[in-house]
Each structure stands twice: as structure tokens, then as C-alpha cells.
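Questions regarding the structure given below will be posed in turn.
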Amino acid sequence: MKRLDLIFSERELDAMLNLLEAAEVPGYTVMKHVTGRGPERVVSEDIEFTGLGANAHVIVFCEQEVLDRIKENTYQILNYYGGVAFISEATPL
Amino acid sequence: MKRLDLIFSERELDAMLNLLEAAEVPGYTVMKHVTGRGPERVVSEDIEFTGLGANAHVIVFCEQEVLDRIKENTYQILNYYGGVAFISEATPL
Amino acid sequence: MKRLDLIFSERELDAMLNLLEAAEVPGYTVMKHVTGRGPERVVSEDIEFTGLGANAHVIVFCEQEVLDRIKENTYQILNYYGGVAFISEATPL
Amino acid sequence: MDTSLILQNVLTPPVLFFFLGVISVVVRSDLEIPAPLPKLFSLYLLLAIGFKGGLELQASGFGGQVIPTVGGAILMSLIIPIICFAILRLKLNVFNSAAIAAAYGSISAVTFITAESFLENQNIPFDGFMVAALALMESPAIIVGLLLVKFAGPKKRQNVKRMRWRDIIHEAMLNGSVYLLLGSLLIGFLTAAHNPGGVAKMQPFTGKLFYGAECFFLLDMGIVAAQRLPGLKKAGSFLIGFAVAMPLLNACLGVLVARALDLSPGNALLFVVLCASASYLAVPAAMRMTVPEARASYYISTTLGLTFPFNIIFGIPIYMGLVNKLIPGATY
Amino acid sequence: MDTSLILQNVLTPPVLFFFLGVISVVVRSDLEIPAPLPKLFSLYLLLAIGFKGGLELQASGFGGQVIPTVGGAILMSLIIPIICFAILRLKLNVFNSAAIAAAYGSISAVTFITAESFLENQNIPFDGFMVAALALMESPAIIVGLLLVKFAGPKKRQNVKRMRWRDIIHEAMLNGSVYLLLGSLLIGFLTAAHNPGGVAKMQPFTGKLFYGAECFFLLDMGIVAAQRLPGLKKAGSFLIGFAVAMPLLNACLGVLVARALDLSPGNALLFVVLCASASYLAVPAAMRMTVPEARASYYISTTLGLTFPFNIIFGIPIYMGLVNKLIPGATY
Amino acid sequence: MDTSLILQNVLTPPVLFFFLGVISVVVRSDLEIPAPLPKLFSLYLLLAIGFKGGLELQASGFGGQVIPTVGGAILMSLIIPIICFAILRLKLNVFNSAAIAAAYGSISAVTFITAESFLENQNIPFDGFMVAALALMESPAIIVGLLLVKFAGPKKRQNVKRMRWRDIIHEAMLNGSVYLLLGSLLIGFLTAAHNPGGVAKMQPFTGKLFYGAECFFLLDMGIVAAQRLPGLKKAGSFLIGFAVAMPLLNACLGVLVARALDLSPGNALLFVVLCASASYLAVPAAMRMTVPEARASYYISTTLGLTFPFNIIFGIPIYMGLVNKLIPGATY
């Protein structure tokens, strides 16, 4: 199986989860209040009161075919708003 | 070495950590306030005030033999309360 | 590409991020309020009011050569203050 | 008359802030009260409710109507789950039925304080010892719920270790919110008895601040309740009907008991509200641990998504109408 | 005279706590107010500002200067972004210009309340309905900003779905902080009209506590503002100049309009502060979503890192000096 | 007499809530105050203590006993760590000894405010300038601790960059909690001097709310202290004995100095409490960074798990007894 790590701004979380649901992922895990810096050297901080919010880190354990289904739409979000997506191998315990 | 990712309800955290300690894991890392959705399509949300709590994400870096020791007991908890466990490869930096 | 997982005390976060910046990582992601236990069996808890703070979990997706650059300095921090660093394989979605 | 009561109830800050929260979800505003801030407010409310209850219990003592009223409340929290269980079993399995039944046998502290504000607005007096009734209705309902699973459920539950009495009592009594409420009650009682100066110094925190904090918490409750509603739709029309009809039924039972206990109109309303409200704090947490076979979305959606809003908007004035009809001396 | 005003303004707890936060960053103290605590304070301040504004709007009614003043404020929030955009386009692209312009057309609630405290210290009266002006200046500025992108920007934006009116209105009106402010205003208004008892019970929370909570929040704002400063240096001297000169220019415009509206000195100062301040709450959040091509560090660093501190330290007393010069009757 | 003092001390809301927290851990309730809420309360307490101290320091001025008392307090925070170090070296290595010694030389703000409440309950007057003593005892203790490591420790520490004076001073003075306390003290002082209206407006926040917030924080402290106890058992009987005996010894030293300084009974108690209490805020944070060789569990378990509860339950009344015996004029 695969493990997908998505990191992007919290404000796009709903859109991303809808996309994952549409691709029928078996499940997902969300961590909010994540901060970081991307290639454009813009540090996303957790100055939540500004409404800018921080990043979200979403983990999905799924099969390759699910990834194929979500790939294109995910990139549309990530290209527009920024964020990264990486895959690694994972096997159930 | 291996990396074990455990995701399950925060309320079972103590039980799970005891189990890990009993298996003599070299260490573990815990992230709380994690939300998500599993195969049964029940979204675990962070409505902490209900006492239902959110999920916890536990990471363990350890050898395969440790995993063998904890496998069975872990599944007992995960089967009862829900949650997932995945392994991937990891090497020390 | 590689995925680097660093886990160490929040109080060293600034030093670690400076080190990563100096090595010109393409980006990084930071999760705070992480707790855990290391090989010395000292549980780092989130008793934030003591100023001891909790751990931070930093993820870096980068090429091997970047890792080579940061390896030595990272270990200097981890050896002094404690913490762990693990690498795994990752490919862009 | 009821309509005017409803309007008077609705046009108070706590209920209005509840609506503000609900509407924010409906119109898809990104208003959010991030965790763990709602927890801060719920801890505060439990602490303040308990403390104030303790003060007033010390003032009133244990004579008069105190013991009978509290006894009646405990009785209700034992009987209501059984009635609910019987009704729920028509459509649901043992696990779901027992978990939901326990929730309806127990109480909602926020509904209770909304009812108190309602009475204050109407200048109807009530007694502080009613908080003791509130504090003592959570545990029995949980115990009944777990016993229903134990005796009505399958002999051998999959993956489940045998439920021991110890565990049942532990979940019922030492649940964080029950513990904090009972503990603060005791502390209020002891402080009032031995340290009146301490009571005065607590007053700005537990007394003055309360109404505002309640508004803030209800804003969040509005958001959460509205987010639960879709889950309720999935649960089906049986549960939707249950979540509205059951409070009314329990209220009718409650008003009869209140009449038998000869309670004043104010106390009677609070008693009825305790019967009619359902728990979304202690009981779900306890059920999640001990009856994982039950679907959390069922008992959370019904209690939080429908019964809670129904009670604080329509329920309280309706129950006041009931009390006015059935309780002697309630004519003013 | 201005120097003494500045000193009087600086030696108040909110401004001093702001400095404490700034200095903590400068000297590299590890003082931190961890998330989401700052969010708690910002939600509280919006709720309390709105609620109090609602009360006073109900008291003042919609007669007299209320409608003209609010109308004038809305007008300013439409015009200022256009002026800003023209200036910013000298150096920046359409996206950055529009996003920053929207921020300066909108307002900063914390600057506003600091100005209120300043007036109270000087015993200069002002009217509660000014909060209504504040609440209604966010949305128009956002709308103008988005329209500037729509019409001045490239016909086809990369990766971007066409911006629909619906989305624009949604971002402008239903942004969490705008929504909470407007909603609390409405609740304050309704409560004052129908439930005076509720107003008194809210007072300890929304009234008494306000000043202290403001100090706490300004401590955090000081930390955040100081952390933004390096980002500003990167943004270059054009934006640094803009972040100081623009508030002064907007203040001059504001004082002329205030004079035309015949506002009292207190109201005039608040009007000027609304014009001169820039939003770091609603507007950045809306721009982040709708104009991701704009650099967040630009509109956050200018508004939060420079314009905000400038306004609360120097701006307010300078604007008071302006008002004293130009507004008749402001001689005391 | 001491027993009745202990009882009077125990039956106050803050101490009772502390017990409630301890018991919740013992009976394994799932009561939890999730991070960062405890941080909110600790920031608030430091801000409020500092601000109030600043007000009172401005009122008292620097004449009379102020300078000698504060000087005496600083002296104690220099001497006590050296005594502690000598004792701890009997069993522990240099690093652990120095870190624990620094903690005991420093102070616990919550112990101090519990002592203040105790005095208020007994109607014993005390002076606000004692807060200045509190604020100035953290840094010297940290400096002594680091110097002990520097001079008594191995010449070459593994993996450690040479400790520079700059770093020592930085850790000692700019630690978040020390910084906030000192800063708020200064702000309180300035506000009282230049803006009396501001003082009145802060009062509901820093004054009225204080007692309740203290209760909430002590509830959490009870939970944390009880969670530390097992760690203490691991640390062994030497440290357990130390954690109880050292406060008593330091209290005896303190009362002698207080007598020499001719302090009033109230001030004397506060002085003794400063000497007898140990830091679990600033010092652990500083030691974690600068002496990572020391085991955090040692200095956290002793200070938080045993010395803190001992002081607020038994210590304060015992020290009051001492003061009553040894301080002239303390007969009432």
C-alpha cells in the first residue's frame, strides 16, 4: 500500500477532503496547526487570529489506484494555493 | 529500521502506550488533537469538550522484532476501538 | 527523493530551522506540541506552562545531497539536547 | 402565550449567540472556535455551576424538599433510559439503543443554565439545590445504559473484555465532567461553610463572568450542533422523530413527578428540563469507551444536533407552559 | 502639544503591553502566547466590540448623524482602495496592489479600540454608533479589491477558476471575523431592545473585562508585529514608505470628510482612525483565498508590522492633533 | 494552633481545587486541562501579579523597608542555591545538583499568591512591594546555578559549546516568565504613576478575576503535581527527603533574615515563603537549555511533585507558626 502526505494551507482543507472523498479513499487523518516553509520561502505561521491560519497535514493510507484517481485534482489545488504531496511505501502492521 | 504509524482514538492512548512500553520500544512520539475518517465513514472530530476527543497519532521507530512483539496486542485494541497501523522503512540519518 | 523526520525539543526549534535554512532545504513542515519518550525513558510532556515545552516534529522532503549537508550539524544538536532523526524514501505524487 | 414565551426565550444573548453559531454553518462562514477553546468554556461552566450549587446547597441545607427532589431526579435518571431503550429497540440494535438511552437519561448542563437564565428573566424564583439534582443524574443513567448492554446484549461480545462492575462504576463516577461538577459542588459547599470570605472572592469569576462565558460557549455549541445535523439525516427519520418526541415525553413524566413532589414552579421547570435534556458530555465519553459497538454519530447527532437546540429554543418555554398548567401556584 | 499627546497615549497599559511584546522579540526573550490563545482574545474582542456597538446603536437610534456617518465610512472604504491601488501600481503588480489596497481600505478593530481608550483618557466624548461604521467598512474594501483584480488583472489567470460574484460576496460578508462582529452587533441591538436585563448580565464580560483582555491581546500583537518587521525589510523601501505615508494621507482625507459630516471631535478621531488603519484580520484571510497570486508577506508585513504599530503609537495622537486643528468646537 | 492554621489554609477554594486535581489523578479520572490552557492561566497570573506589584511599588515608593527587603531577598536567592548544592552533592553529580539548587534558590509565584490569600483570610496586612522581591529572585538563582556548573563541573563538557556570560545572563533575565513578570511590574508602576484611570480599568481583569483564575490554575497544578509523584519515587529517597526538608531549612533561614530586617508578620511570611518555595517555571526552562546533562525529571519532580504541594498545604501554616514565634509584634 501507499502512504500519501499532503501539506497545504488549512483554508483549503474542506476542498481537499471533498476531493479525497470523491476519490473514495478508505480513510484519512488530518493534523491542523502545522507550520512550515515552502520553496518560495514564505513561512506559514500559526498566527491564527489573522484568519490566515496555518497548514494542515493530511495522511492517507491507500492503494496506488486511488492515488491515480486523485492526482490530477490534487495538483490543481496545490498549484493554485501552494502545498506539497509525497508518496511512500507502507504496509499494514 | 522500521517506522510504525498508529492512529486511533485519544481515549485509548494510555492503553496503547502501556502496550508499547511492555514491548520495550526504544521510544515513541505522540501527536494529539488529530482528526480523520476511517473506512466506516465516521469522521472523528476535535469536539474535545464532549470528552469524545480526537485521534492520536503515534510514531515508533524500531526494529522489526519489536513490531512482532506488539502486533497481536495492538490489533486487539484497534479491532475493538477502531484505528489503523502501518509500517514503512526508515533509516537513521 | 527523501523524507527526513526530526523529533526534538521545541526549545531547539529555532536553532534547527536555522540549520535547515543554512543547508538550503527546499522547504520544511513543523508540528509543535508533540510529546514522546526517548531511549532514556524520559517522557517529554506538554506541560507548557513550565516553559519546558514539548517536542517538535519537523518533516523535510528533499534530495539526498541536502541530507548530506545537514547531517553533521543536526547530530550536534541531537546529541546535546536529545532527539531523533530518520530518513525514508518518498516520491512526489 | 407560549409564543410570547418562546420569543422572550429566544431574544436573550445566550440563545441569540447559539443562533449565530448555527447560521454561520448554514451560510458557510469560516467562523471557527478552535480546540481547545471550547474545552476551556465547558470546564469553566462545570466548575462555576458546581461551585454555585455547592454554595446554595450549604445555604439551603439538606432539609425540606432537597432530599426528595434529588431522590426524584435520580429515580428519573434510572427510569428514563429504560423507557428510551424499549422505544429505541423497535428499530435499533442493543448497543445503539443502550447508548442513546443512557444519553437521554442523563442531563445537559447547558440546557439547565439556559433554563435558569430564562427563569431569571421571568423573575421566577428557583432553588440552588437543583444543581445537586443535575450533578447526580449523570452517573445513574450511565450505569443503567451499561447494565442494559450487559443483560440485554449478546452473551459474548466480539473483541470485548468482560465488563466488570469496577469499570462501570469508574466510567459512571469518574468521568472528567462528572468529577469536576461534583468536586466543585463539594468545594463550594465547604467554602461556604468554613470560609465565607473565599465565597466573595470567587464571585467575580464564578458569578459575574458566567453569563458572558455561557454566550461564548453557546456560540460554539451552535456551530457544533449545526455540523451534526447532516449526520442526523443519515441516521434516519426514526431517530429524528425520537430526538424531538422523547424530550417532550420525558418532560411530561417530569412535570408529573414535579407535581407529586410539590415543587415550586421554578424548581419544577428545572426538574422538567433535567428530565427532558440529554447528555452530550459525560455519557458519550463513557459510551465511546465501554460500548464501542454503538455508533458515536447516532448518540452525538441526536443529543447535540437536535435535542439540545430543540430544548433551548422551543423546549424551555413549552415546558414552562406545561408547568404553568399543571403546577398549583404557578399562576402569576 | 503633540508630543505630550503621544506620551499620554503611550503611557497606557494597552500600548505599554504592546511595547512589552515588541521588546520581547527584539531582545530574543522566549515569551510566547501559544496558538490558539491569541484567537481566543481576538474572538472575544470582536464579540465584545460588536455587542457594545449594538447596545449603543439601539440607544442612539438611526436618526441624526448615524446614517450619514456610516454612509461616509462606507464611501471611504470604497475610495481608499482605489487611491491605494493607483499608488501601489507604480511598483507592484496587479495582484499585490489589489490585495494591499483592500487591506488599507478596510479597518483594524484593535486600532479603533485603542483610539477609544485614548479618548476616554482625555475625557473626550464619542458615540457608540461608530462601531457600526467599523463593522461596515470591511466588506466593501474586500469587494473593491477583488473587482480591481477582476477588471485590472489579466483576462486569464493561471490555475484559477473564474471568480464569480457569489464567491466575492461570500468572502466579503461571511469571513469569520466580519460575521462575528456584525452578528454580535445585531445581538447587542436586539438584546438592548427586548431584554435590558440581559444587557446588565453581559456587562461584566463584555464591558469590565475588556480593557484587560485588550492588554493581553496587544501583548501578542506586539510579538507578532515585531516578528513581521524583517519581512517588511525584504519587501523593500517602497512598501515601507507606503505603510507609513498612506495612513497619514488617508487620515487627511478622513478628517476632511469628518469635517464635512460635522462630526464631534471624538467621533471625528474615530472616523479618521478607521480611514487610516489597515486590516490584518478579515482582508488577509479573504485575499489568501481569492488572490493567491498576491504575496501574503506583503500585505501582512505592511499592515501588521508597520501601519498597526505606527497608528497605535504615533498615529492616534497625530490624528487627534489634526482633528483639533480642523474640526470646529474641538477647542478645549 | 498549627493544626487549626493548616485547616484554615486547606479549606480555601485554591487549595481545595488543588486537591481536586491531585485526587483526579489518584482515582484515575480522565479530567484533563488540555494544552495550552494551563499556559493561558500561567501567563495571566504572571501578568496580574506583576501589574499589581507595580501599582503597589509605586504607592509605597522605594523608601522605608523596600530596598533592604528586596536586597535581602536577592541575597537569599544567591546563598540558598549554594547551600542546596553542597547538600545535593552528597549523592548527585554536579549537573543535577546545580540544576536542583537553582530551582530551590528561585521562587514559586503560585505558592506566593497562595500565601497572600492565606494572609488575607487571617486579616494580616502585608505590603505589595514584596512582589518586587519575588520578581528579582529568579535571575540570581539561575546565574548561581550556571556558575556552579561552570566552576564545579568538568572542564570540558561533552557536546557542549562553551557557556558564555552572555548566554547565562540571557537565560537568567529574558526567560519568558521572568520577562513577563518584570515587564508587567514596570507597566503597573508606570500606569500608576501616569495614568490612574488606566489602573481602575485594569482592576476587573487583574484584580477581581484573580482569585478564580488562581483556582483554575491550581486545579491543573494538582493534576500535574500528582502526575510527577511516580517520577519522584524513581528519583529515590534522598531527593524525596530533600524536597521536604530543604523548604523547612530555607524557611528557618528566611525567618531569621526577616527578623533581622524587622519585617511585619505579613511581610515576614511572604519572605519566608519566597525562601522556602522552589521554581518550576523559569528555572527548569533555563536549565533544560543550558544544562541538558541534568535530568529534567529530577528538578521537575522535586519542585512540582513534592515541594510545591507541601508548601501550599502544610508549609504556609507552619511558616506562619514560625513567624508568630520569632517575629516581634506577631502576637494577635
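Each chain gets a letter, A, B, C, D, E and F, in the order it is written, and its residues are counted from 1.
By our rule, a residue touches a chain if its C-beta (ideal position, glycine included) is under 8 Å from a C-beta of that chain, and two chains touch if they have at least 3 such contacts.
Since we're looking at a predicted model, the values are computed, not measured.
Visitor: Rounded to the nearest 5 degrees, how far is chain A rotated relative to chain B when their C-alpha atoms are superposed?
Guide: The superposition gives an angle of 120 degrees.
Visitor: Measuring between Cα centroids, which chain is at the maximum distance from chain C?
Guide: Taking each chain's C-alpha mean as its centre, the farthest from chain C is D.
Visitor: Roughly how far is chain C from chain D, going centre to centre by Cα mean, in whole Å?
Guide: The answer is 45 Å.
Visitor: If you average the Cα atoms of chain B and of chain D to get two centres, how far apart are those centres in Å?
Guide: Computed value for the inter-centroid distance: 33 Å.
Visitor: Can you give the whole-Å distance between the Cα centres of chain D and chain E?
Guide: Roughly 41 Å separates the two chain centres.
Visitor: Among the residues of chain A, which are close enough to touch at least two other chains?
Guide: Chain A, residues with two or more chain partners: 11, 31-33, 48, 51, 88-89.
Visitor: Can you list the residues of chain E that touch 2 or more other chains?
Guide: Within chain E, the residues that touch at least two other chains are 30, 34-36, 39-40, 175-176, 204, 208-209, 285.
Visitor: Applying the document's contact rule, which stretches of chain B touch chain D when the two form their complex?
Guide: Going through chain B, the ones touching chain D are 9, 11, 33, 42, 45-54, 76, 79-82.
Visitor: Name, in rising order, each residue of chain E that touches chain F in their complex.
Guide: 8, 11-13, 16-17, 20, 23-24, 27-37, 40, 117, 120-121, 204, 208-209, 211-213, 215-216, 219
Visitor: Which residues of chain A touch chain B in the complex?
Guide: 1, 3, 26-33, 59, 61, 88-93
Visitor: Can you check the complex and tell me which residues of chain F touch chain C?
Guide: 35-36, 38-39, 41-42, 159-160, 175-177, 220, 224, 227, 280-282, 284-285, 288-289, 292, 295-297, 300, 304
Visitor: Would you tell me which residues of chain A are touching chain C in their complex?
Guide: 4-5, 7, 31, 33-39, 55, 57, 67, 71, 74-75, 84-89
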